[in-house]
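Chain IDs A, B, C and D follow the sequence of writing; residue 1 opens each chain.
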Amino acid sequence: MLKSAGTTPKLDIEKIKSDFPILRRKVHGKRLVYLDNAATTQKPKQVIESITKYYENYNSNIHRSVHKLAEEATEAFESSREQVSRFINAASPKEIIFTKNATEALNVACRCISENSLKKGDKIVVTEMEHHSNFVPWQQISKRIGCEFDIVNVDEEGILDEEDFEIKIKNAKVLAFTHMSNVLGTINDAKKLTKIAHREGAIVILDGAQSAPHLPIDVQELGCDFFAFSSHKMLGPTGVGCLYGREHLLLEAPPFILGGDMIKEVHREETKWNDLPWKFEAGTSNIADVIGFGEAIKYLEKVGMERIKEHEQAISQVAIEELSKIGEITLYGPRQHYNRGAVFSFNVGKIHPHDVASILDSEGIAIRSGHHCAQVLMEKLGVQATSRASFYLYNDLDDVFALCKGIRRVQEVLS
Amino acid sequence: MSSDLYKEIILDYYKNPRNKGSLDSPDSSARDSNPLCGDVVEMQLKFLDGKVSDVRFNGDGCAISQASASMLTEMIKGKSIEEVRNLDKNTLLENLGSPNLGAVRIKCALLSLKVMKTALYQYLGESLATRNHHQEEEEKMQTE
Amino acid sequence: MLKSAGTTPKLDIEKIKSDFPILRRKVHGKRLVYLDNAATTQKPKQVIESITKYYENYNSNIHRSVHKLAEEATEAFESSREQVSRFINAASPKEIIFTKNATEALNVACRCISENSLKKGDKIVVTEMEHHSNFVPWQQISKRIGCEFDIVNVDEEGILDEEDFEIKIKNAKVLAFTHMSNVLGTINDAKKLTKIAHREGAIVILDGAQSAPHLPIDVQELGCDFFAFSSHKMLGPTGVGCLYGREHLLLEAPPFILGGDMIKEVHREETKWNDLPWKFEAGTSNIADVIGFGEAIKYLEKVGMERIKEHEQAISQVAIEELSKIGEITLYGPRQHYNRGAVFSFNVGKIHPHDVASILDSEGIAIRSGHHCAQVLMEKLGVQATSRASFYLYNDLDDVFALCKGIRRVQEVLS
Amino acid sequence: MSSDLYKEIILDYYKNPRNKGSLDSPDSSARDSNPLCGDVVEMQLKFLDGKVSDVRFNGDGCAISQASASMLTEMIKGKSIEEVRNLDKNTLLENLGSPNLGAVRIKCALLSLKVMKTALYQYLGESLATRNHHQEEEEKMQTE
């Protein structure tokens, strides 16, 4: 089937598919072709079972209790943290903070920086391809503090305009950008951009919600100061996100949510915060799902992130070819299959994306339509919405062909 | 046919919209959008002798929102204000031939109804009533 | 077995026990006697299965997609909201905001009030029996804004000092208090206190983390303005909390976390927030667990909250009797079994609570030891820590007897 | 005996603590607490000829933390600074007879070691080393 682009052996897709119970489901009597992975991914049975196993065998609150269940739960919970820490190569598990999703992670990062390091007139830089979760917090804090808020352009092909970046990054205090666009599939050269930003003295926040699921990540190599991502977009359960932050930045920062577990001592008049990472984890954590997230990462590591990346590049190559053959289609994002994610936004003539998605749905094909939480980018592309098909490790070329056939069917029905 | 949502009737109104355009001097008009998908619908109404004497819609959006708007214009034209006021979502959905649109697409189908009612209540000067009605309508849509 | 205190038929404990897979587990070769319910409760198979069913059949992101899976997930998610809304008798599901735990819910409430309604010199009132999650946010916002921060006393028996309350509530702008103490089991007369506070013009935040699992709740009858609680303490999964707030207060308030889903429109310079309740639900929600929480509430409703309350009162009556018979035991909290929760804090002579918990653990009995996130109360009680046994619907008198026998064993080992 | 954690040896040191109390003029002393359970341990050290010539502990807390502190005083008394410096947690845990205390209780057992090392490094004037060491030590405990 798929020819591997590199030298690593290709994925055993049939084996992988068989790990995902939902892929056996029929939708409207058709085989489910799930191409909404940029929104959320499906879960392998290993992850689902780890949650069941937790609730059936050792469900307990963590950290503070000394009984057996609590001990087992605490161990599993903290070993998920180590798993995550290794997965992105953080310097220490202390730098791994569990949140409820990538959005909360980005908000925590924004608070960390804004409370201690930002003042009126400072410059915050983002890009036109940001997800609302990495755009609105910076836009609003800029308003509140009175910062300059600059937005780096993307070009025709959906690639970051480097010249514009070089100009806007000058004297910036904060650079927040996405590692990979959830609309265009564009992968930004995070290491290079971070280096330039650091030269200007900026703190760098990398939105890894779309990259962590699809690329090998090494935060120390990338050099970013914060890195945010979500479990549910990488085979893990909903309800868990993660913020990596450099230890000294997290140490200096005020906590985000206040309450149980994030304190060391509470007195009538004052409170002492807990050590890292718990200072940022107030209240009862999402224990079951953090454990499930650890299991998801184990699964990804077993398959191999390098291989997943190559698999998706191979899919991209064919997808670009095949989609381009369809008449009246407008395809957004980079035209080269290498160094882009397998996320394809498109429009079919004047047909509304919701109609595209609905008719594809009736063929069993799940894609997304809308603004994809990237309205600033939509404005730039000059559209209200797009259709978006996004692939993952359990997709194959048959899914690409099914998509193309489905789009032709849409054209038939609506023209 | 494979796509249950896209009944012949919806496709017909989508491809050959009735009453699309604008009126010279409408007695009332309203416009709203569906934030989730960007559908836009505008409605213009003219009244005579307690009846809707003329109506036009304009808009941009998915087949369902536009077909629904077009069909709605036909449903109310010539009807008494009382009748139009009592027109409910089920009647519209049944006319569309899609009583079970699902939680998401139903908002597309009902946008035109919401806009038309806004224009109507505006004409009647019942701004508060409109607001309450709106809220109820939205709630119903959300909890569908 | 249990004689029911009221007229409603008693619980079928054997049937209930059989719904909780973990109760079949052995700990150190002994039957698990789980008495750490105030920390987190166990989950019935109905809840666990609802999560598995979600991931195996209709896992999808919600609200924005039009495909079949998304539709099913959205419907299930929003119908959980209605379930919760009915459970506490909110005026509308719009007033139900899903958070990650009760702690986040209380922080959101604190933000709602503080951003719009608090200024220097205003008075905030809490009580000595608050959990850190309903204490630290108010303490810190008082410091930040310069509010007066008053703490209502509890008396010897762990009951709120009404005279002190009457004095301190005068001219207060905010009253935040717990419906039921997680240490003492004290149930506060929330309706009465709320009425007095409202007379003074205060906004009332009720911490329902311990009451919602154990008592019938009607927020409109109670009259509070905000009510916070946690799924994991009431048979539901970890990772979900809930904030009820009066619609007009939520409408006026600024959002808490910014990003995807909580916006209506994003432009380069400004952003329009979404309608309630989504304005407060940024990023991908904990979809699976919100659905699981709905299932937990269905389970509780089927058993009946009135019956659960009576069951626990019957346990309390025997527990107070039996525990009091043990030599050298100090029992905290109200001595009457009615109108108190089945939460018992105690100390055994000079034996450290951790030793009590560890030795009980070796007998298969899971209790908690420590300050229970209530250090201000510990200070008042004049102790560093207590042991705490807390009961729920699947516990019975055998568990009370096992606990007492275990405590005697602790005394043997350590004296 | 049913409680595996509470070996005879721990119970013995708990019930009959050795070297509990304080020294007249210690060369160094340190105190720390375990925020999770409120255990408090204080250690006082005296040095002579490159050796720990005397040591006392004081404290309040669970049997394990107090037994561990008492036993530790015996383990280091008369030992060279080098030996004491190299003393690691495994040796202490083995001596306690509880190599598998579990993630939570292990903090109780190791509190005394942390306090003793703090006092030692303080005496040696290695404040930075102490800090690094501390961090490592804490991390090890947490990730146990």
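We take it that a residue touches a chain if its C-beta (ideal position, glycine included) is under 8 Å from a C-beta of that chain, and two chains touch if they have at least 3 such contacts.
Just so you know, these numbers come straight off a predicted model, no measurement behind them.
Trainee: Counting contact pairs by residue number and requiring over half to coincide, which of A-D, C-D or A-B is equivalent to B-C?
Mentor: Repeated interface of B-C: A-D.
Trainee: Let me check something: if the centre of a chain is the mean of its CA atoms, which chain is farthest from subunit C?
Mentor: Of all chains, B has its centre farthest from that of subunit C.
Trainee: Counting only Cα atoms for the centres, state how far subunit A is from subunit C in Å.
Mentor: 32
Trainee: What is the distance, in whole Å, between the centres of subunit C and subunit D, each centre taken as the mean of its C-alpha atoms?
Mentor: So the centroids are 38 Å from each other.
Trainee: Between subunit A and subunit D, what distance separates the C-alpha centroids? Give it in angstrom.
Mentor: Taking the mean C-alpha position of each chain, the two centres sit 45 Å apart.
Trainee: Two or more other chains touching the same residue: where does that happen in subunit A?
Mentor: 28, 64-66, 70, 265, 354, 358, 369-370, in rising order.
Trainee: Indicate the residues of subunit D shared as contacts by at least two other chains.
Mentor: In subunit D, 36-37, 105 touch at least two other chains.
Trainee: Can you name the residues of subunit B that touch subunit A in the complex?
Mentor: For this pair, the touching residues of subunit B are 1-6, 11, 14-15, 36-39, 60-64, 105, 108.
Trainee: Under the definition above, what is the set of subunit B residues touching subunit C in their complex?
Mentor: So the residues of subunit B touching subunit C come out as 35-37, 102-105, 138-139, 142-143.
Trainee: Could you please specify the touching residues of subunit C with respect to subunit B in the complex?
Mentor: 63-66, 70-71, 74-75, 78, 82, 92-94, 264-265, 274-275
Trainee: Using the touch definition from the top, list the residues of subunit C that touch subunit D in their complex.
Mentor: Against subunit D, subunit C makes touches at 28, 352-355, 358-359, 362-363, 369-371, 384-385, 409, 413-414.
Trainee: Within the complex, which stretch of subunit A touches subunit C?
Mentor: Spelled out, the residues of subunit A in touch with subunit C are 21-22, 25, 27-28, 32, 34, 36, 39-40, 42-43, 47-48, 51-52, 55-61, 64-70, 100-104, 106-107, 131-137, 139-140, 151, 230, 232, 237-241, 257-261, 263, 265-271, 282-289, 354, 357-358, 360-361, 365-370, 373, 375-376, 379.
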